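All chains are identified by letter, namely A, B and C, in their written order; residue positions are counted from 1 within each chain.
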Amino acid sequence: MAPEPPGGPPVLALRQATVAYEREPVVEGVDGEVAAGQSVALIGPNGAGKSTLIRAVLGLVPLTGGTIQVLGRAPQAARRQVAYVPQADTLDAEFPVSALQVVLMGRYPRIGWVRRPGTADRQAAASALAQVGLAERASARFGTLSGGQRQRVLLARAIAQEPRLLLLDEPFNGVDALSQDLLLTAMGRLRSAGAAVVMATHDLGLAHLACDEVCLLNRHQIGFGPIGTTLTPELLRATYGGQALQLRGDGVIVARP
Amino acid sequence: MSLLEVFGDSFARRALLEAVMVGGLCGAVGVHVLLRRLPFFTMALGHATFPGVVLAALLGISLFAGAAAFGAVVVVVVALLGARDRVDDTSAVGVTLSGAFALGVLLLSAQAGFSRDLTAYLVGSIITVQVGDLVTTALVGAAVLAALAALHKELVLGAFDRGGLAALGYPVLALDVVLLLLIEATVVTSIPAVGTILAVALIVAPAATARLWTERLRATMALAAVLGATSGVVGLAISLQWRVAAGATIVLVAAALFAVSLVVAPRHGLLARRPAALVPVAATTTAAGQGPTRAG
Amino acid sequence: MNLFEPFSIPYMQRALAEVLVLGALAGAVGVLVVLRRLAFVGDALTHTVFPGVVIAHLLGRSLMAGALAFGVLTAVLLTGLGSHRRVGDDAALAILLTSFFSLGVVLISRTRGFTADLTVFLFGRVLAIDRTDLVQTLVVAAVVALVLAVLHKELVLRAFDPEAAAAMGYRTRRLDLVLNLLIALVVVAAVEAVGTVLVIALIVVPAAAARLLADRVAAMTALACLLGAAGGWLGLAISYEVSVDHDLRLAAGATIVVVLVGLFLVAAAVAPLRRRLARDRVPAVAP
């Protein structure tokens, strides 16, 4: 179990959260907390419920059991403080938007209806782009960037939102090494600023680098705790249904679900 | 007015025969359209067939030849356009169909008797079918049904498992094209009865209705053919009685049969589905295909 | 061929005003339709708005009013169905659309002059546009333009990244409903001029052409409006000139559509050249 946070409600609190679809549980029994500045990796094979859980935290799918609280409130009430980074390849690469325009989208919840982005918003967007190392590509069309660069733009969009909770869905998939580094650095900066991070991934090596806690999922929670004590061969085997995994010192074989 | 009286005139009897044949053919073909998830493609095909038919009529050549040729051109154009950057499939179809349709209207508008002919092509004019049309319908219908029967197992396998079909050494693409041509032939054959815009309804509705009542494929095809023919007869009778457009009435009857079946059918109807909520769900059921859009 | 002379005649002037406004209006809305690959919604509307037009005609009311009622109904229906659409529902949707259309055909077929009326409803009669029609079109255009201006950034966000939009708290269903209603309004505005079948071309073709040439939504919108208006003007002029000079009657609405498709093909031919030029200008930059 995670240690009690220093003060105030945890950024994210899950208590026996269960999501079902047409009476069939998709993910159940998720229980744990994430404090400000902490980072949790959601680990599990495909179909384990990682994406569903993220959507539940976003308030996009209803819970059929248990509770989820974001900053002490229901997920729907806390959306302005929560930023979501999807996988870049889900987006239309031919869409006529520039990188800067994509990042500006992160400011929309602040800007509200009808109004257009102002100077402060543009500055925040430019600064966020700089943090991911893409300041010179601000006016490039989003689709002309590489996969890793696009993922960085999406993270910049989340940074521009100035969130308290950051949710990422497989952020390192198909991303080049340089982009991975820049993503990790930017996420680190967000954490130092007090944001909590939840990241679905099946890259165990990057989970070690980026996160201090891990939540093991395979349609139900198998473990939730500090990465050193929870990411063990036995629990990993339980998560991945018996596929043999070997942890040799620092080297990790990424499980292929 | 009794059914015999309604169909007393020779034109009505010819229309009746046409309705039965077209309805039956469409029903059988419709099952394949549903298997391969082609209702919208068939709709588009109907729209695309229109200018081909107009052109063929103007040039005095066989409607089938004109429709087939034009249909092939449309398919190629859509494929070429859709393959280009920044032209997605729906836009490619939208642009091609708009152009083709407008072309058909233009060709027709240059002639006299524009409205009457246009309407006949778009929504059918079954009461003006001649014996020659009946013969054509019978021959084409028989040919299409024979082809469907001969290729039945290959077409069904191809619908479910293209990879499997290819692995067995069948020419998957060629079979696809054959089916598309059969659908196209069916659409063209339906024009005198229901026109190009409504052809898709007569193809899809009876088959969709049949699917609600039975799961066995051959039974579905037989039932669909019967439902199609029935829709034709009943629709025609109503239209003659009330003096309204026949093709549209046939379609409404077919749609009504579908709507009723949607509600009352024993296993798949809406009324029947509710008790499923009471069935206990096993904890380790694997996620069905209809689960949340992004599982994992 | 003189592309300006036909417009010295009053009815041609009104027709021109109508197609210029419609072209721009449809182009603007078309941008979102094309970016979201919604051409199907437009097609659905052509089938479902039609009975509204027929009923209005039979009741002696404004065609636009009938189209509006059924257009709104369709927009709501499609928004509701849209989010639950599984592939198996395509059949139900196709049946629904054709049933609506058949209803319209059955109703109109009871009247005399059935085929002429049908033709008018399906393909419009732009040369018969009067002042009232023009005013109505302008009102609709103003409403649509206002909504587009106010909701622009949200509609674009939803088109680009619906998941992020939902995550930020936007109700994507409501945004979808708004767009479907806007599309319905364009169909309503176009009913008298180009009819329910051809209006889809006005919505999809200019925007599809603009997409090939523009790298920003703003540019795409401007270009789509321009192309839509240009197609209207050229189509009208050409159909007039050909009908008068060569005694070959060309339906105005259909001519406009053919011109638009021609413009699209030009754009499709030019686009790769433009790409190559643009590529030469962008310097190679380190990631």
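The criterion applied here is as follows: a contact is a pair of C-beta atoms (placed from the backbone, for glycine too) under 8 Å apart; a residue touches a chain by one contact, two chains touch by 3 or more.
Keep in mind the model is a prediction, meaning the values are calculated, not measured.
When each chain is reduced to the mean of its CA atoms, the one lying nearest the mean of all protein CA atoms is C. Among the remaining chains, A is positioned farthest from subunit C, on the basis of C-alpha centroids. Note on chain placement: the centre of subunit B and the centre of subunit C lie 26 Å apart, centres being C-alpha means. Centre-to-centre separation between subunit A and subunit C, using Cα means, comes to 40 Å.
Distance between chain centres (mean CA atoms), subunit A to subunit B: 47 Å.
Among the residues of subunit C, those in touch with two or more other chains are 211.
In subunit A, the residues that touch at least two other chains are 94.
Listed for subunit B are residues 85-86, 290, each touching two or more other chains. Those residues of subunit A whose C-beta lies close enough to touch subunit C in the complex are 58, 60, 76, 79-80, 82-84, 86, 90-92, 94-98, 101-102, 105, 108-109, 111, 113-114, 116-117, 133, 136-137, 140-141, 144, 146, 148-149, 157, 161, 167, 176, 178-179. Touching subunit B in their complex are the following residues of subunit C: 34, 37-40, 42-43, 47, 86-87, 90-99, 101-110, 114-116, 118-119, 122-123, 197-198, 200-201, 204-205, 208, 211-212, 248-251, 253-255, 257-258, 260-261, 264, 268, 271, 275.
Residue ranges on subunit C touching subunit A, taken from their complex, read 35, 150-151, 153-154, 156-157, 159-161, 163-164, 166-169, 211, 214-217, 219-220, 282, 285, 287.
If you check the complex, the residues on subunit B that touch subunit C are 34, 37, 39-40, 42-43, 81, 84-91, 93-95, 98-99, 101-103, 105-106, 109-110, 114-116, 118-119, 122-123, 197-198, 200-201, 204-205, 207-208, 242-245, 247-249, 251-252, 254-255, 258, 262, 290.
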